[in-house]
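Letters A, B and C mark the chains in the order given here, with residues in each chain numbered from 1 onward.
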Amino acid sequence: MSVAAEAALLAGRNTRRFLRSPQLLGDAVAFPLILLLLMLVMFGEVVAGSTEEPYIARLAPGIVLFSVAYSSAGTAVAHHLDLRGGLHGRLRTMPISPVSPLLGRIGGDLVKFTLVTVVTVAVGYLLGFRFRQGAPAALGFLLVALLFAVIFLWAALLVGASVGSAESANTALTTPVTLLLLLSTCLVPLSAFPDWAQPVIRLNPLSTAHSALLGLSWGGPVLTPVLQTLAWAAVSTVVLAPLALRRSMR
Amino acid sequence: MTAAAGTEAGLGNLVAQGAVLAGRNLRHRATVEMAVMFVVFPLIFVFGFLLLFGRLFDARGLDYGQFLPPAIVAQWMFTVANTSGAASAADRASGMYRRCLVMPVNRGAIALGRIASEAVGAFVAVVVISLTGHLAGFRFHGGVLAACGFVALAVAFALALTAGTTAVGLSSGDPAAVATLLNLPYLALIMLSTAFVPADAFPGWLEPVIRNSPVSVVIDALRSLASASPSWVEVRGAVVWVAVLAVVFGVAASRVFRRAR
Amino acid sequence: MTQWGIEVEHLRKEFDGKPAVRDVSFTVGAGTLLGLLGPNGSGKTTIINCLTTVLTPDGGRLLVDGCDVTGAPEQVRARIAVTGQFAALDEVLSGRDNLMLFGRLLRLPKRQARQRADELLDRFALGDAADKPVKAYSGGMRRRLDLAASLVVPRPVVFLDEPTTGLDPRSREELWQTIRQLRDDGATILLTSQYLEEVDRLADRVVVIDAGRVIAEGTGDELKGRVGGQVCEVTVPEPNRAAAREALRAFSGEVAEHGEHLVVPVSRPAQLVEIVRLLDDRGIEIDDAALRKPTLDEVFFALTGRADETADGDERAADGDAGTTGRDGERPAGAVPAEGARS
């Protein structure tokens, strides 16, 4: 079997597991929706005055990105449990490429993220979110979200393979991801941050991906933020992926 | 060799066994992860939110550095309570709770041990956040007495919440499920309050709900206690709310306590 | 000092209307060890939980070391040591810290608690793992630490709920030694088990329960006498099995069938030869015939006249009293009858 076929098979297993667990499904879908509603009523009025677009246009893509980044914690936990539970050990005794299980995990998660993105955007639509740049841009929106997911997936696999317990896999990711959300343009525009902080905020992967998504839905620059996000994904893949692989193979 | 020891009755046992259990509960918390959290959590939330909203609220004439820390205190009081609920569930799952029940351990000592250890945890948290807040410009303008009231109100709030999370934890016995279950009301209650955003910044139809949520009442009382002129009316409202929560949750907890095995 | 370490009279306990223990009575003489034998779901743990004040009985009178369990639970708790079916330990703390914690809870001064912890760690061969957190312990180590934890302060009455389940043969033998030692030191012990061999090795008397009722009581030898001490297992291929069964019935009324094996109680080893000869005389071909010790299943079979369902207490607990009457009727002559009320 080719690596692609093996990975697809394992991705299928991960996806089915996810779709069959009402709790996992509920968490993945309900969490972004609750956040979307809560933050809209919390911050809508405060932020509205300082931007030209309605707050939902900023918030919906922000929540998509945050959900994707946040659920990397779930990926880390699942990966950790796979390694602990011996699934990987068994797969390694079979004639299967060592990369396949990891690619399978990533593939399964990308399906999950697609679902999260579609549901969040759908509810965002009810609240006033619109794709103003046409259908190809909407497809680009999804692709950028998935490209962004790759950055955190490698980190999640590395964390899952490195930590001692499922619980620390969880906290090791949720805390930094929450901080990244606060220090990004997902919730407020760049101009709301102190001047000295702005260069850092601008480079946050959540900010670069957010600018791209904003450009692809409401309108605005697209090429630069997409390239920046691509750079983040490339850096993550080059630096973290080999480490994650090596740790998982031990 | 086989002489029976004394029974569990008496104040001496209550205090001594309560202290032993409190010490044990605290040892569970004395981990590297907890220490990291004690440093990282206040930094993230105090400075993160300050960077995020400082400018926007300055433009509205609100000193966010003074406004925010009481909210982070309340937020952490929820964390203390939720962690405690999960710990109670873990004690049931590991059989620790049951062993205490068959030993001559004063029934009150089990509750006292929890209360004491969570009070210590909450107290340390309030101090840490107040210090972090100090770096962000937060000050106790109302004098020493008001500052003590601030600490006392926050700790009392944490303990009232802990009674509720203990009821949930003891009746479930699954720490992971309890942690997930408690997370949702926590998020909703803290976000739908005046914690991060003042009531008038919410949509008009939601304002009365926000203003009267117990979480808002407590946070506003904390802010008042840190201000130059603490308002007795606001503090009284918060004390009443905390007392009500303590009674309701306390009754629930003691019911579960009597039945959980 | 009373004559009885434990007295149970007409104990009843149900869960949501489903009876788990129905009218159980027995006594344990002070300083003796009683084995409570029963299959899964028969009510062993429920009986222990009632006696150790964890559960409130729905009816009956329970005395532990002369103290009424419902009337004076705190007196009872001051007199008992309990090792539950599942380890009850602090997973985060080390073995030593666990023992010290329980010592301190029992109001030992710190130094004494530490000294006692070291003694017990030594005695239970946990010295090497003393400072490792319990979550890193193996199942057997955990079990030993759990027993040690209940012995921090010696108590006159000890409850052990399936203490050797999950232990390897050597640890089991060591634990048996410890339990004997406890008894020799004068403790009254109630031990539950699913293994006839275990109670046979340890107990002064045995109470057998099934579906929440006492179905037999006596010494280990008396009980084994009920099944003849040994059984002969004959392996018969089809199509001879029915004929073999018929032939064996002449030998003993209690022929059990497990797959291709037929099992008959025997009282003398020589009967193996008689059985083989009997089958040979009738021209019934067999694959194998051997003597072995009876399993708990077979004891139950002999005591209740039913086979194989013994592992399924829940269902019988629900089938009401009608079944029980039949069961009593079927009890063969010579059974050791369960003693009912005792005053």
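Everything below uses one rule, namely that contacts are C-beta pairs under 8 Å (C-beta built on N, C-alpha and C of every residue); 3 or more make two chains touch, one makes a residue touch a chain.
Just so it is clear, the structure is predicted and the values come from calculations on it, not from any experiment.
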item: Contact-richer chain pair (by C-beta pairs counted) among A-B and B-C; value: B-C
item: Chain whose Cα centroid lies nearest the overall Cα centroid; value: B
item: Where chain A and chain C are represented by their mean Cα positions, the distance between them in whole Å; value: 55
item: Cα-centroid distance, chain A relative to chain B, in whole angstrom; value: 31
item: Rounded Å distance, chain B centre to chain C centre (Cα mean); value: 46
item: Touching residues on chain B, where the partner in the complex is chain C; value: 1-9, 13, 16-17, 20-21, 24, 27-28, 90, 94-96, 98-105, 261
item: For the chain A and chain B complex, residues of the former touching the latter; value: 27, 34, 38-39, 41-47, 50, 168, 171, 175, 178-179, 182-183, 187-188, 192-194, 197
item: Complex interface listing, chain C residues touching chain B; value: 49, 52-55, 65, 74-75, 77-80, 82, 84, 86-93, 97, 101-102, 104-107, 149-150, 153-156, 185-187
item: Chain A-facing residues of chain B, complex; value: 33, 37, 40-41, 44, 48-49, 51-57, 59-60, 180, 184, 187-188, 191-192, 196-197, 201-203, 206
